[in-house]
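Read through the structures below before going on.
You will see two complexes here that share chain A, one where it goes with chain B and one where it goes with chain C.
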Partner chain A sequence: MARKFNIALSSRLSPFQKFYLLIIAGFILGPFIPLIIQSFAFRWAWPDLLPGTWWLEQRDRAMVPLAWDYVLSPYSRVWEATVNTVLIGSIVTVICLAICLPAARVLAREKFRGKSAFEFFLSLPLIVPEAAIGIALLMMFIRLGLAGSYVGIIIAHLIPTIPYMVRMLTAVYQGLGRDFEEQAMILGASRWQVLRLVTLPMLLPGVVAGALFTFLVSTNIFLLTFFLGQGQIVTLPTLLFSKIAGGTLDASAAGITLIVTLPGIILLIISERFIKEEAFGKGFGN
Partner chain B sequence: MSVSSSIASRSGAQERMTARERRTRFWQMVQLVPIMAILVLLFGGALVLAILQSLGFAPWFGVNTFPDFSYFGALWGSSTFWVSLGLTLYYATVSTVIALILGILLALALVKTFPSKTFYKYLYKLPLMIPYTVGIALAVLMLSNGGMLSRLAAFFGLIDDPAQFPQILKTHYGWGIIAVYVWKQTPFITLAVYAVLLGIGRETEEAAAILGANRRTIFFRVTLPQILPGVVSSTLICFAFNVGAFEAPFILGGGFPDTLPVVAWRYFNDADYTLQLQGMATVVSIGLVAGVILFGYLAAYRRYERRMGRN
Partner chain C sequence: MKHTATVASLLALFAAGAAQAQDAEAAQFRDGFLAGEIDWSAVEARAAEEGTVNLYYWGGSDLLNVWMDRVVTPALAARDVTLNPVRITGTKDAVDLVLAEKNSGKGVGQGSVDMIWLNGENFATLKRQDALFGSFARLLPNAENLEWNPDDPRALLNLRDFGVETGGAEVPWSGEQYVCAYNADRVAAEDVPSTFAELRGYLEANTGKFTYIKPPHYIGNTFVQEAIYAHNPDGNGAEPFQRSVDEIPAEELARLIAPGLDYLRDLEPLLLDAAGGTPRYPEDNAALDGLFLNGEVDFNCKFGLYAVATGLATGSYPEAATQFVFPEGNMIKNKNYLAIPANAPNPGAALVLADWMTSVEAQASKLQQTGMPAGIDGWTLEEAEAQSIVEASPGLVGVTQAELDANAAPDTNATLVDVIEATWLEYIERDSTDPIEAIVARAYDNLSK
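Showing the complex of A and B:
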């Protein structure tokens, strides 16, 4: 009995859990090892576990562009795609923040009729299939002349980013409480002073988290960019798609895959400090 | 000061209060307008246009037979549509269920204390941070007949020709597609469940253990009911995404008959632009199917919550 009790309560990992964590690490990280190798391979015939000829051995007499030379050259459009991705992501984040901050404040603090219906409406973009939104929006944007333009893509990116942003900012406002602002007002601060000296500094960590996450979602969007960009605007996900659409992965495609992974890794390292698991704990439309 | 005048001034103050209240209420609504406007215009506009077009309203192509149900009729009348629908739902469901099981197991491990915990808290979020196309590239590299798993099988002497490796990609079993979804969505579900686990703490589990419950009972009777909100919201999002996803089935799928989003995209890019109306009927069908399933799921969950006496 005592032994069973200990097992049930233990805060240590069971042997199965240790094994499971190793499997998960292999499942997530494992595929990146051959990916890195592939990007440096020159010839990699089938049963070999390592390339028969490495890129460096063939540097001087290569007829075709070698993987990293090609990836880093303007022909691959990697630089253009990176600039587009960052640009679109930043503008989307700023607009999203501007729209969601006031709404989140009201949602966190006020009660009004139809509030739960409104909250459900706000999370609707997450549960309507993206393909349906994408194609229907494309028809609308072709009529409006927005298809294949930055404006069109930025507007479309607002749809999947708004629900996350509103949710995260609402959580921030709920945690903030009203007391500090009221105290500042009682002490004679003006509305502007309250906003600048009290609200904003206290909101900042949460706002940074929301902004980072929105940027992340925007840079990962493939379908809306692909459908609405009409091939005229490449971002990192759509560039990679065009490289692997044939179902094969050569050395240059492996290089581009690694480049596309980089922003995510950078964001992961930055955001771990800001994005807290707790912000996602809220259920749906309850 | 007479009594009547004091009453009059008090009611005046009350009126001023309600006027101020009305003003703040008005300002609150104003703050909600931008978000509302964007979603209604984009969402509502797209929805109305899609439905109108799928019912034969497209004057810009010289087609206007509204209301005309022949596009839905032609679509729902063909057997390939139902095969496509079945494939779409099969990929979406299987990958969501696998990701859910893996995600819960991972979240339960992450609440424990262990030396490499910080490392794992970074690691498990990695797939969340990168596009699906990266996952697809990794699937091509690992799972294709000339890929790494096939090479490993040859290394251990299990096969001696790439053709002997079981075909995983480009079949209608869709294990390549499912692998990509699972790889990308297990972290998402883990995140949601882990967040709830952190929120509820361990007291209830401890109480159950003291009362003599074993680990299985604790999980199914104590932990699972408490993490259910996180489970439901994250699986809803994953399932809806999988139903509407395009890139993985397009690259890793088995070809004709394709999943519904790919079918819609093909109709839409056909040289015969009147097929766009058929494509719109497909799009509306995707929305309808997803809507019905998700609504049913939510309704079942609500009923469960009510039975548990939570709402």
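Showing the complex of A and C:
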């Protein structure tokens, strides 16, 4: 028994496991390799394995900024798009949490007439095509003067994010049970203390996961942003779409694509650490 | 956060209300300007007061994006106007936005689009829907850089856009010609085709090394039009295609276009990837550039007088790319334009922008930095000005201006383009077995609905 335990903990993997890991790593990292090479290329034509001419060779002769010079220049609007994307994503996440936390609590703990029908309706926005929602909203928002504004985009982003968030938080609340809260109350905690010291810490992993998911969904919404932003509010997905809609990926498009992946990657790394150390460590305590 | 959102939406509503109050004043300005009662200094003063201009344009070209930020923004800032260059993926998006706003009751001074870069069908749509600001082009101070005399055949492209009368509701911005390039590393000089028959001959020996952009993209439509001109059974090329659908009966049009479409249908098995069953037509010029760069095709046909020079400068063309004359006598020439929509929020600033864009200074720097040919007419300029445009040219590669001029042909009337496009889709894309006469008759019916 002890020996078996040791093997499980050691880093040795069976050949199949290693192969499996390699495949997964290949799928995840593979697409980045040609992107990175392309972002430094000037002319990269078939059948060359590597670019025939690199960007740095042409840099001094070029009449406009090429490749990364373009991506990192204000001309590309990458910075503006990143700020917009993160700002909209954060606000959407906070509003979404504020709406979904109480809703999930009720859905998980209370019984009322038409509850299952209500839950079904909550998922409807995920079934209706985004284009249909977008066009209808655009017509309304133009009348309200919300089209092309941040408020309009934030409201639109709430539509596909709320169903996910409610479902995730409901599941978390269901797993929580009332025992801990009741125990705290018996021991004399006020409602506020119960919420702050018992409920929220225990909900935290679910809340973090839901928030992360909402943020990622919001930062990836193209169609709604495109319709309601009317091209005036640039986010990373709309910027990327306008670059690669032509079907070819030149050096600057490759660079922008790499930048677009950054917020997600950074957030994943942060939340990975956070969920592991903070939430699972303290929240569930074991 | 919710609170902020509410406040912000209230603010937005308030702003919308304020814009509505300005409406009458903007309408007064429009009517006064179009009647010639407002002089240019008053337009400039109003532009500075408006402070912003929203220009919607196809944002797929790094060269153009950089030029907008580097050259146009400071030039307008000197006139106290902030340029808001809105990059869109398709011009139709801006047209749809203008129409959606118009249908929601937004008039002059209330919309969000001040200016659109467009031509052909998009202009025709705005015109048909009565969504244009009015006949402003000839009232601009720089209108003198363009030929407006209808008796001068060279004025045609300023007065008609794909056969649709511009009526001064748009001002020419760039002039283009449909030019093909070949890759000299792959094609020997003696094999370069100059007629459609020679192209077919080349493809019989080198199957799959050619394709054209898929209609209804206008670049694809143009290739189809050139094939139709070249196979015109009457032998008078573009001439019969200058009339609109109302002036040419369906049977007559079917007779004129049938040989060209039959040629294209017979060419299909020789096109890119046709060996696999269905030929591959790229969706737009960026996709075709990719095929050309990778040697999947040996030719690249598009609107691009200076495409080779700029393609070499940005690495998007193969090093041995060279232009050539094809098809002889039928290289379609047209212009693209800047239009002001009927519900432009900043009409004064839009007029100032339109005027600056038509200046010699703007046209020369646009030509030099983006390779987009001048839209103004060289013969109307003073010698030094005309010379500055000539010097700004990135240069033709393998052809001369005289050759291009000698082989130029006019565009097809926009209403006929609709019919030809529908016929191509039916006859070639869907392999319809119906005779062309029936397909054209159906297209006529659909158009009149």
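To be clear about the criterion, the second predicted complex is superposed on the first by the 235 of 286 C-alpha atoms of A that agree within 3 Å, B and C clash if a C-alpha of one lies under 4 Å from a C-alpha of the other, contacts with A are read in each partner's own complex, and residues count from 1 in each chain.
Note that a residue touches a chain if its C-beta (ideal position, glycine included) is under 8 Å from a C-beta of that chain, and two chains touch if they have at least 3 such contacts.
No experiment lies behind these values; they were computed from the predicted model shown.
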Partner chain(s) touched by A:D60 [first = chain B, second = chain C, both, neither]: neither
First (chain B), second (chain C), both or neither touched by A:F27: first
Chain B versus chain C as contact partner of A:M139, first or second or both or neither: both
Partner chain in contact with A:Y75 - chain B first, chain C second, else both or neither: second
Touched partner set for A:W46, first chain B, second chain C, both or neither: both
First (chain B), second (chain C), both or neither touched by A:A245: both
Chain touching more of chain A, residue-wise (chain B, chain C): B
Common interface positions of chain A, toward chain B and toward chain C: 46-47, 98, 138-139, 143, 155, 241, 245, 247-248
Chain B - residues contacting chain A, complex: 25, 28, 31-32, 34-36, 38-39, 42-43, 45-47, 49-50, 53, 60, 102, 105-106, 108-109, 112-114, 116, 120-127, 129-134, 136-138, 140-142, 144, 146, 148, 150-152, 154-155, 160, 162, 169-170, 183, 186-187, 191-192, 194-196, 198-199, 202, 205-206, 208-210, 212-215, 218, 229-230, 232-233, 236-237, 240-241, 243-247, 250-252, 260-261, 264-265, 268, 276, 279-280, 283-284, 286-287, 290-291, 294, 298, 305, 311
Chain A to chain B touching residues, read off their complex: 1, 4-5, 7-13, 17-18, 20-21, 24-25, 27-32, 34-35, 38, 46-49, 98-100, 102-103, 105-107, 110, 112, 118, 121-122, 124-140, 143, 155-156, 158-159, 162, 166, 216, 219-220, 222-223, 226-227, 236-238, 240-241, 244-245, 247-249, 253-254, 257, 260-261, 264-265, 267-269, 272, 277-286
Residues of chain C that touch chain A when the two form their complex: 1-2, 5, 8-9, 12-13, 15-16, 19, 54, 56, 59-60, 62-63, 65-66, 69-70, 84, 86-90, 93-94, 97, 100-101, 104-106, 112, 282-287, 289-290, 293-296, 313-316, 318-319, 369
Parts of chain A lying in touch with chain C, wherever the complex brings them together: 41-43, 45-47, 53, 58, 62-66, 70, 73-77, 91, 94-95, 98, 138-139, 142-152, 154-155, 230-232, 234, 241-243, 245-248, 250-252
